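Shared between the two complexes below is chain A, which pairs with chain B and chain C, respectively.
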Partner chain A sequence: MIDFFIGLFMASFLIVLFSGRLYRLIFWYAFNSLALGVITILVGVEHIDNALVISGGLTLILKAGVIPFVLKNISQRFNLIREINPTVPIHYSIILIPAIIIFTLYLAEPMSSMIGVNSNYIAISISSFFLALILMIEHKSVAPKIIAFLMMENALFLLGTTATKGMPMFVELGIFFDVMMAIVIINLLFKEEHVK
Partner chain B sequence: MILYIFTILLLLIIAPLLIGMIKSLKMFLLYKKPVSIFQPYATFNKLLIKEVIISHESSIITRIAPLLVLSPLLIVLLFLPPVVHGAYYIGFVDAFTIIGLISLSTFFLMLLGLDSGNAFGGMGSSREAFIASLVEPAMVLTIFSVGLMAKDLGVGNASINLATHFPIEHASSFLFAGISFFILLLAENGRLPIDNPETHLELTMVHEAMILDISGLYLAIIEMAVSIKFIVFASLFVTLFMPYGVNLIAPLAILVFVAKLILVSVVVALIEVNGAKLRLFKVPNLLGISIVFAFLSLITFYVLGA
Partner chain C sequence: MILLYLITPALIMFFISFSHHIYLRRILPITNLMVLIPTLYLFSLGKPYAIIGEYLVATNLNSYILLISSIVAIGVTLALITLNKHVKIDNRSYIKFYRFFALFWIGLILSIMSNNMGIYWIGLEMATLSTVYMIKTNKSKQASKEAWNYMIVGAIAISLILFGIILIYASAKPILGEEAMNFALLKEHIHEIKNPFLFELGFVIVSVGMFIKMGFFPMNLWLANIERASFYPVGALFSGILESAILIGFFQFSMIAMQIDKEATFSFVFIYLFLTISLVSFLIFRSKDFMRLFSLSGVEHMVLIILFWVSGGYFPALLHFGAHAFLKPALFLSTGVLESQGRYKIAGALKGYHGFEGKTFWFIVGFFILAIVSLPPSPMFFSEIYGFSAMITLAKETDSLLWMILAITILLLILSIIFYKFIEIYQSMKYEGEEVEKIVYKSELLAFLLFAVATIGLIMPQTITYLKAIHG
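Moving on, here comes the complex of A and B:
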């Protein structure tokens, strides 16, 4: 079951890389966070870890609900340009993305053998981290870069959840507050873009 | 053997029903008064009694090509995987045979478009060739990775293997292959993001441009071929990517199978309502996504075993 949701997580990353509309980007970010939340809850239930279940629920509420809503609201309010074509042409990324995925999957192999449990989850979360980096590189305007930042955070969260069976609760809550702060700062950034 | 023949007859009978259902569901969702879901049968009947007009410029190909469009698809219908456990099926056919037969049918459709002698036919044929050549690699990759996961390249055997022990540990590769195959289903059948089956606008039509000159009985044959092609793809998708309910007793299993086919057509209708048609030169991007997913499915299967 977790495998299936990890597949959904990675699939939404790939679709984001090819999409050229801002709202669709936000929708796929919400979908990605949904998959992440379900994975976290499933891992928590598997290891009978209440903290993980709570942080999974928080992910569902905050990242899949509140943050996409706020982002969409802000981008509506500041009339951001909704057509965001990737600067890397898509027929290049068709070659580039599988190459990067293969590279990172092999890169993750020694690390996964070190940790042992759930080795392929680690490989997938590292490769999705790199995919988020590509997303950040291939767009010029601010809004997609911010989505890329949030998705990178998702990938790191997945790495933390699956590799270490959950970080301490305080760390995770801290990360949540960081993300919320980031959203506040993003608001300011968007205002800047609007003024320009 | 009786089940085998019954399944094929059932598929032949409900093939136009699915097309009609997609159309009427779309109209319902767009707040129009929906046509009956049995409309394709009525159209078929009407076309049978209409006279056939063939232009002076066209050669013998216009007379034989409609039959050659239909017949490979009918042969594919015989090779489909079983829907009930224990039913007879043809086991020696692998996916490449099916892809080859479908391309043969597409080839004659393109020839038909070229033969009609007007400008639209050539345009439609060139566009169809463009899309078909892009579909091919993704199709081969997808089928190959599913075959690897099912441990058999033959379509019938693969579906039986998947139904008896579903590879739950390969769920993520399976999901990627499923997404890729669904995009191919949309592309090969000329559904909305690739081609709009309803317009006759010269900028957008692909499939309609090729059959613009055909009338009467020949048009009826082509329409039948279109619906059979859709049901071939839908039942391949259903048996390979949703292999549940095959082990039930015969009437129930067939009922579940039909329900799954209806589910696929509902999903197609929802996608058509929610999306716009892609510009022709953006079609390679969508098919590129499909290639990336198929490739990713192979890679995750090989490297991670996930």
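Moving on, here comes the complex of A and C:
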């Protein structure tokens, strides 16, 4: 079951890299967060770890629900440009992205063998981290870069969940708090630009 | 309870920022002075002192860094009183600047006092995000661009730090469980770790994240551009407090990494720093305005602090750190006055100051500029002497004395280029250009005096004894 959701998590990363519309990007971010939330809950249930189940639940509510809603709201309120074509042409991306995935899987192999548990998941979360970086680089406008930042945070959350079977609860709550603060700041920045 | 006392001035600032009575900002330097009471109290306690369990612990190292950051914060609030006299800022942005300054400070107190990697990261992230809005208080197009730039690049840097922390945590969790996030415990049990490779990888990633945040190679101009675009107190907060928090994190992580493999840690950090300082010296030589000059010089000093630290010269690193933390914010704040006749006019910038206040201002700024280029008896002069001798001592242990001498010679050559540039600028400020009358306000002068006294305080025998007693 976890494998299935990890697959969905990775697939949503691949789709966003080829997306040219902002709402679609927000939708796939929500989907990515949904997969992450379910993975966290499943890992928590497997290891009988209530903290992981709670943070999985929080991921579902905040990252798959509240944040995409706020982002969509921001984009409507401030009339953000919805057509966001990647600067890297798609035919290059088709070659580049698998190359990055293979490279990161290779890179992560010694690490995965050391951690032992869920080794493939660690490799996938590291690949996702690099893919989020690519997403950040390949767009010129700010909105996709924000989504890339949030997806990068998702990749790290997955790494924390799979490599360490979850970080201490207060750290995870702190990370949630920081993500929410980032959203507030982003909203403020757009508001300032809109007022100007 | 001490934590509450430590964050009370920041909380007062936060709540006052919701009031539309802008004159209330004048009481903030006084309320901020209150932070010195719990900070100095920490010095009287036995160390390590648990502030909140094992999560926030006062040590000799972080108490010193907290004291320095508190003095910088007081100085910045003093200079902030007259921000609207030097730059165009509306009341709404002005009070919001205070609001985010308060959040920034709370985040950094958490980071500095943390004995836990997770809390350290949360505090740092909170401070990073707060800074984004402080940059945006300047309504220029450039500032807007740089605020987003900071948001994105800062996010990458902070994500790399979290990435590294997760790997370090994963390497130590099998032996320490959830306590693997505890710096002190990790340091104690580091040799029991079964996968040191994973720790080292985590350390490298954390370091790269921190180096990006500090404007090291290849992101040398990133920080300088942001500080140029934002109002001058942002540069002061960056160099005096934010970078202090990043440095204390690096100190903590590197101390553990050096226990695993001192030579590898030194080599990795040294190559990175060498590339950075080579590029930065060239950029300093080419810089044409105060803000970029001070910003790039800040990078140079952080390179030296880290270099001395990884060489085992903890005393020179901390002395250099203290001097940098006082002198650089002072210079950034002085740009508010120096640039009142135009941003890029270096010639004659130190002319036109009349009366007691004016003359005191140019004297103090002259003192800051000469102190930052390590002219004796600047604390930086002593720290560099001790720092380079620590590098020689390290080289003797590793049989690479000749290589180290060569490296130090090149470093001294690079530092001499920077020295030459600063002296040239000082002479241009003092002896060239037209004389135009300029105003210095009392609160600013008070802030500069505070920084000058604090810098002199660093070479007092008591301070030196205290710093020598800190061993990381």
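Things worth noting here:
Everything below uses one rule, namely that the second predicted complex is superposed on the first by the 191 of 196 C-alpha atoms of A that agree within 3 Å, B and C clash if a C-alpha of one lies under 4 Å from a C-alpha of the other, contacts with A are read in each partner's own complex, and residues count from 1 in each chain.
FYI, contacts are C-beta pairs under 8 Å (C-beta built on N, C-alpha and C of every residue); 3 or more make two chains touch, one makes a residue touch a chain.
Since the model is a prediction, treat every value here as computed from it, not as a measurement.
In the model built by aligning both structures on chain A, chain B fits alongside chain C without clashing. Residue by residue along chain A, chain B and chain C are tallied for touches, and C comes out ahead. When the shared chain is aligned, chain C comes close enough to touch A:Met136, but chain B does not.
Of the two partner chains, chain B is the only one that A:Asn120 touches; chain C does not reach it. By the touch criterion defined above, A:Pro98 reaches chain B but does not reach chain C.
Minimum Cα-Cα distance between chain B and chain C in the superposed model: 19 Å.
Chain B meets chain A in the complex at residues 168-176, 179, 284-285, 288-289, 291-293, 295-296, 299-300, 303-306. Contact residues of chain A toward chain B in the complex are 1, 3-4, 6-8, 10-11, 14-15, 18, 90-91, 94, 97-98, 101-102, 105-106, 109, 119-120, 123-124. Across the interface of their complex, chain C is touched by residues 110-111, 114-115, 129, 133, 136, 142, 145-146, 149, 152-153, 156, 159-160, 163-165, 167-168, 170-171, 174-175, 177-178, 181-182, 185-186, 188-189, 192-193, 196 of chain A. Taken in their complex, chain C has these residues touching chain A: 55, 116, 118-119, 121-122, 125-126, 129-130, 132-133, 136, 139, 144, 147-148, 151-152, 155-156, 159, 162-163, 166-167, 169-171, 173, 178, 181, 195, 197-198, 201.
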